[in-house]
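Each chain gets a letter, A, B, C and D, in the order it is written, and its residues are counted from 1.
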Amino acid sequence: MFAHRPRRSVHQVRVLVAAALLTVGSLTACSGTAEEGGATDDATLTLAVAAPPTLDPYKANIDLNNIPTVALAYAPLIRMNADRTFTGELAESFGYVDRQNKVFQLKLRPGVTFADGTPLDAPAVVRSLEYMRTVSPKAKTWAATIASITAPDAGTVVVTNSTPNPVMRQLFSQAILSGSVVSPAGLTDPGQLAQRTFGAGPYQLDPAGTVAGDHYTYLPNPRYWNKDGQHWKKVVVRVLPDSNATVQAIQAGQIDYAALNADAGPAVVAAGLTHITASVAVLGMVLADRDGTVAAPLRDVRVRQALNHAIDRATIAKTIFGEFAHPTSQIAAPGFDGYQAALDDRYPYDPDRAKALLAEAGYPNGFTVKAEAHTPGIAAVAQVVAGQWKKIGVTVELTTDTQVPQWLEHVMSRKFPVTAFGYGNLPTYLSSLDFMRPVANPFNPYATNDAQLRQSLERAVAEPDPTTQAGLFQQAVARLTDLAWFAPVVRMDGIAVTGTRVAPLEAAADNGLPSVVTVRPAG
Amino acid sequence: MVRLVLRRLAWTGPLLFVVSVLCFLLISLVPGDPARTVLGPLAPPEQVEALHRQMGLDRPLTVQYLSWLADAVHGDLGRSVSTGTAVAPLIASRLAPTVSLILLTTLTVGVVGTALGVLSAVRGGPLGRLVDVASVVGLAVPGFWLALVLITWLAVRWRLFPATGYVPFGESPVGWLRSLALPVTATSLAAVTAVAKQTRDAMLDVLSRDFVRVMQANGLSTRSIVYRHALRTAAVPVVALLGVISASLLGATVLIENIFGLPGLGSGAALAAAQHDIPVLQGAVVCYTLIVVAIGLLADLAQAWLDPRVGAR
Amino acid sequence: MTGQPLLAVHDLVVDLGQRRTATRAVDRVSLTVAAGETVGLVGESGSGKSTIARAILGLTPVTGGRIAIDGVDVTHAGRRQRRALSRDVQLVFQDPFSSLNPARRIGDSLVEPLLNRRGVDPVRRRTLVAEALGRVGLPAEAVHRYPGQFSGGQRQRIALARALVGTPRLLVTDEPVSALDLSVRAQIINLLADLQAELGFGHLFIAHDLAVVRHLSHRMVVLHQGRVVESGDAEEVYRRPVHPYTRALLAAVPVPDPGRARAALAAFARQPPQAGPVPGRCSIS
Amino acid sequence: MSGPGPASARLLRRPLVLLALLWLALVLVCALHPELVTGRDPVDQDLPAALSGPSAAHPLGTDRLGQDLLSRLAYGAAGTLWGVLVAVLTATVVGVGLGLLAGYLGGLVDALVGRLADLLFALPAIVILLVVVAVFPGDVTIAMLTFGLLLSSGLIRVVRAATRSTREELFIAAARLAGLSTPQILRRHVLPRLRGLVIVQASLVAAVALVMQASLAFLGFGPPPPEPSWGGMIDEARAVIVRHPWALFPPGLAVALTVLSFVLLGDAARDGATAAWSATKLARRRRRSPGAGVARTTAPAPAHPTGSAPAHPLGSAPAHPALSTPVHPVAPPPAGTPRHADTLLSVRQLSVQLPARPGRGARTGTTVVSDVDLDVGPGEIVGLVGESGCGKTVTALSILGLPPGDGRITGSCHFAGVDLVGATDRQWRTVRGRRIGYVAQDPMVSLDPTLRVGVQLAEAVRRHTGLGRRPARARVLALLRDVGLPAPETAARRYPHQLSGGMAQRVAIAFALAGDPDLLIADEPTTALDVTRQAEILALLARTSRDRRMAVLLVTHDLGVVAALCDRAVVMYAGQVVESCPVTDLFARPRHPYTRGLLAADPHRASRSGPLPTISGTVPAPGDWPTGCRFAPRCPLAGEPCRRAPVPLDRLGPGHAVRCVRPDEDRVAA
């Protein structure tokens, strides 16, 4: 990424941080009373994102830059709540109608129209979702199982999967951005989706108040079905690439709300700003060349485990992220099905053990390995890890990329046996699609295969009972962690920072940050 | 003087052509696919391929350039590949902050720099030494570094000025001035000292010329000699320097607009470069070049007005 | 003065400036200089006298006419021929301050005419330079010094030494004494006369001061607006000018004699000479 | 006037230059052997000490990974210097090469190169660089190569201009006439002259390149993170700016100090390289107009894309001398003979001492005029005669209270009842222009080049007469008619550069006459003119003096001019008056050997045959004056008494005074 400095935002590199899980509904609207000062009037909410957002809800990757703008203009079919339960938004009711997690049915809320006045009915939803299947970056992975989308009647949509897919609820929620419904008017020429909004959300883009790449102005959608969900007369989304600038702007009262990454945390604390946090992503290293294609030592599981033991996670968490990260050895996050608390400390910091394991594997003097990192946020972690590995004799030749295409090219080139990663917290099924299948992708470039792992996953996917299913996913994650395909370092927080003109946000446990549509004026 | 203007303008066309060709070539060297950039790293290759074709990127480079050129001649600079909006209005919407920044900085530099230079030339002593020192120190302090320091203290600690953002003049002239105060300060420090130094040297040079002595000897007032006669002559090289400075400010604006979050041409160009948005970048470069030409023309005219010998050449 | 003259300029025409805005600086000027002879070229600024010098030396392109040195046509001599010619023809400029590179030692400047000459080794060069300096009355150790360390008169001596170090057969001097103080001027004038007597070169002497020209020259050519208006024996022209312009020129020069000078000035004030172009050429040879 | 050798030695003694050198040496050591400066590895992480301020373990503190800032600065120096080197080399090679080519060859090449320079200048450098770093990520060399290329436009222009002006120099023509080939001329004459200029430009390029490199690294296009770079460090500091602003300063100061050192050194090196040039320039100016000679000469400021003028050495910042009123000591009681009652101007014992200016050519407190006595009666034309350097112009300007440099005037100078030595500004206001007018030598530079003639004259008229705009204009036209301009209206609309020399001098005289003065001081008013123009101006001066009953003090070196115009003459030699007498006496009965020598050497008076009588030797420079008779070393009559002690100015008879031990020994000089 260019001059809008990639730095501190893991998201900018579109690392699929499925961050903002919404807390919705229960909060009653309450129009703010005046408070003097500030650059804008009280009925205006100004928020900052780190990079220019993609306005097309389906082309948008799940990152913090896109979530606010999509959420403002597009209502999802299903809303995921803070406690990871689901309530209907544009769909009144929904659920699997078979026992294999294959057929998913949605009953639409009657009488809802898009902002442009078109009625929101089943054919419109089908058309919108079909568009999603063609353009969404997730279509080929997470939505690949979808075989057909039909509209038996004006109020019903049925999605049929060819193989079991247990995460249809998430998929059609605001969390994954695939459940946003686009008006047929917008789909006649999808190109306009990049410049205007065609949703049924609480706000709509005001092109006159917008300079692409710098700021985007949203005005209330007069046809929004839920009047209680509109708290502002105007919402301005400003692009502020630098998190320090954002912190400073919030301090100076120019920005009311921003979702920042953990590494901005110490600055937020130092500035004394009101904030809440939620775990959003795992950062660490991908020990990618598990077959030893270019780095023979990595074929030995003991070597990979040694590398895990050599990481002083607690110190990294504290130094780089302050209180905004937790050491972990697994890629699953609490609140998600595959998570087991015990796995967080699967590989305690133990350099001696690491050395011993290396010696056992035949590398008593260590070895040298090439590694790749991108964006300063992740690169900082990679740098520290490299420094710590050096102590057990493993020398890392670190290449740091600054641009997405370059990163992608490097990662997929299979020239780097080790890469750094950041990955948003997701249901284990979704992350398994990226991490655990023998399909080459940025998190498994060498397409490593493990039969046992695949078996656990296949069983889990088809399991209709949530508890049994979670147990199976936990097995998979445990297997993955034992294999040490990764060297996760920390689970980091996202930080929602608010200025004085908005009401304090409600802490959202560890389930992601509240959506921007829930931000209300200070009362 | 008319010939001067015509000569400049005649050169503008070829200049724009060469500049745009050069940029086009350079940009085409940038690795990666704009279609990929638009769709994101995880988009499937077929999609990327389709968009690639749709954007006309599969055509030969010369064809791409010529079609751009044909449209550009008619004032159509194409559409942004990342947002799909027309480039010309996009650039127009970003022009105001940049032009404001350049104008205010040039004004500040011209007024403050010249005043300091004249004062130090006439008064000499400590002030003269100060200008000498400042001119070197000013050059040495990187503007972007100064900007960071200014933000940290003046905007964040003491809250004297906004740390970021731009208020259009039409919305609030005071807000406009406040929003530009720190950026202008950061960009003008080096230039102020350079202009002060140049003014001082030019003034000292002019003041040692025969005509100044003749005027003194024939009893003209010191004030008139300094401000009416000497300054006018000394202003010629100063104006030339100011022209160069304002033109070079365009470079500084990229950094400063980024740091201060100004929605200007510089941050737009940087953004476009990041997104591989060739039409926007091309448009920005054309716009930049036009501004440089305009500044050069203004500087020439000012010099010709100040010194008739310049215009006669 | 037997046979062909050392320098023969015939119908020389020189236009200066760009093609469209060119002005005729020299208009069909003819003159000759024989070996051992000094010919004075007189005129006011803009009369074309310096242009003639530059044309002879190839510093200015010639529009028309012919310049021959020793019978050889050098009107359009190429670079190589010019370089060979530098052996035979040398020029001394008016300004002794800018005709020597201030950043180079005297020795460096003086050696230049010998640099590209075959058969002159460095030792011989040093000897020649020292000889040349001695000839103009400067000590040999002057080679180590910079022009800035010399007075105007000394610098003009150095310039003379440089011109003569390669023993040219024709010396062109462009106002060599007009920038000098009176007391020094006489020294240089005498030096020029002495050197010519010693070395026997032909000398085209360009000046605006008729008295100086008369003193040094055998013959005199008076230029006005690029044309020769009068030429002849120097003393003769000075004493009995025929052309009105020559007369006006002579009348305009204040003579250091209060009586004559005042009378001349009074006469001048009553009737200034015509300023327009001179009709026709009334050169008397 | 010293050669380059001593000049460079002098530079080293300047403390700031020394400091700059030391700093750059330190940076260079860091670049080559950083381990000598710091024992720490730049990527060693001391996590517990992250973001700490200066301490014993970390002299400059740490960054957020606990890496040692001093170590990172030291190890970052190599990349920084390398980038600067690449940019400087590129800019210099391209700039000097193309500039030389364009300047020396001219014509089509010049036009093409000029266009190229325009193009390079018009390109938005940073956008181009952003594209370049996108094409070659992390490659500092190529980025700086490109930047050097872009920056070369400034060098091209400067070198081209300098080459052009050098090519016009006579010594280039002389070298060509000496048979040197073009490469020889370039090597021997042009390149050395460019040296100073190129050094300054290169130092500026270095400074700008360093800042640009830091900017790029700051934007994230420097060497990738583990590798230290100064701009990257500022970027890293920016990331923690809220928590730990201190981290901003070590890299910021390193950049600033290095840039500062480049500029200072470039400046100093320029001064060293151009010492010989400046010396000559100084001398040249001095000769033409002694007043300007002692003033600072300023190098032309090269235009530069980054918009910085060349900096001058620190610590030399004189006010312009002309504008600060010199402090005069209390004038000693007037010596010599009492003044005539009808004397308009009476100068007694006037001495002028120039202050010491180290390194500026003039010696410590040089006396340039000593004990000048001079009288001018109403309507009288007095010639002040002498060769260059004798002090005649200094005397004339000192009468007007405007000695060159910060000259200190002693003695007295009574004009219409006021002693001008020590006159207040208020008194001067009633004298300059209104009672005394002044005409300078070169008319082309004695008028403000930027204003129309009429406007300038009107200003003087209004200032002196208090007339309104319209009457002033009428008076201007009258003045122009008075000085013999046939079409005053046309002339008034002209700019000075549109006038011929003779016309310009007439305008200059009109300017001096604007206040209807009683005395006109004319400093070599005809020297720059052709003889016919000279005669016109002399006639004009004579007529004006007669018509207005205006006295004229005419400074000249030309005895003919004195003869034509003056009633009396005052001959100066080496800062003194050596003879003062009516003009008729001067030519008929000169008493001083110098006067006689001058007259004899004049070819107008000499006979055609035989050599001219000469005065041997040269005029001694101020400061080298002998203690006895200053003419003694050149005087054919000088004896022991002449050399022993200063010789007084003796009055021989009415109106004739001479400074000679034996003025009556009439020997034939010729």
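The rule we apply is simple: contacts are C-beta pairs under 8 Å (C-beta built on N, C-alpha and C of every residue); 3 or more make two chains touch, one makes a residue touch a chain.
The structure presented is a predicted model; accordingly, all values stated were derived computationally and were not measured.
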Pair sharing more residue contacts (C-beta pairs) when C-D is set against A-B: C-D
Label of the chain whose CA centroid is most distant from the centroid of chain A: C
Closest chain to global C-alpha mean, per-chain Cα centroids: B
Intercentroid distance (Cα basis), chain D paired with chain B, Å: 33
Whole-Å gap between the CA centroids of chain A and chain B: 40
Averaged-CA centre spacing for the pair chain C and chain B, given as whole angstrom: 54
Multi-chain contact residues (two or more partners), chain A: 2-3, 5, 242, 248, 271, 403, 406
For chain C, residues that touch 2 or more chains besides their own: none
Multi-chain contact sites of chain B, meaning residues that touch two or more partners: 31, 151-152, 156, 254, 258, 270, 273
Complete list of chain pairs which touch one another: A-B, A-D, B-D, C-D
Residues of chain C that touch chain D when the two form their complex: 44-45, 57, 59, 82-84, 86-87, 89-91, 93, 95, 97-104, 108-109, 112-113, 115-117, 146-149, 151-154, 159, 162, 166, 181-187, 189-190, 193-194, 208-209, 211-212, 214-215, 235, 248-249, 251-258, 260-262, 264-265, 268-269, 272-273
Complex interface listing, chain A residues touching chain B: 1-5, 13-14, 16, 39, 52, 54-55, 59, 61, 134-135, 137-141, 191-192, 194-195, 211-215, 238-242, 245, 248-249, 251-252, 254, 271, 403-409, 441-442
Chain B residues within the chain A interface of the complex: 31-33, 36-44, 47, 80, 82-85, 90, 93-94, 151-152, 155-156, 159, 162-165, 167, 175, 254, 258-259, 261, 263, 267-268, 270-271, 273-275
Residues of chain D defined as touching chain B within the complex: 115, 118-119, 121-128, 130-132, 134-135, 207, 211, 214-215, 218-219, 234, 237-238, 241-242, 245, 248, 252, 255-257, 259-260, 263-264, 289, 291-292, 295-296, 298, 300-301, 303-309, 311-320, 322-324, 397, 400, 402, 428-429, 431-434, 436-442, 445-451, 459-460, 463-464, 495, 497, 508, 511-512, 514-515, 521
Chain B residues within the chain D interface of the complex: 11, 15, 18-19, 22-23, 26-27, 29-31, 120-125, 128-129, 131-133, 135-137, 139-145, 148-149, 151-152, 156, 190-191, 194-195, 197-198, 201-205, 207-222, 224, 226, 228-229, 232-233, 236-237, 240-242, 244-251, 254-255, 258, 266, 269-270, 273, 281, 284-285, 288-289, 292-293, 306-309, 312
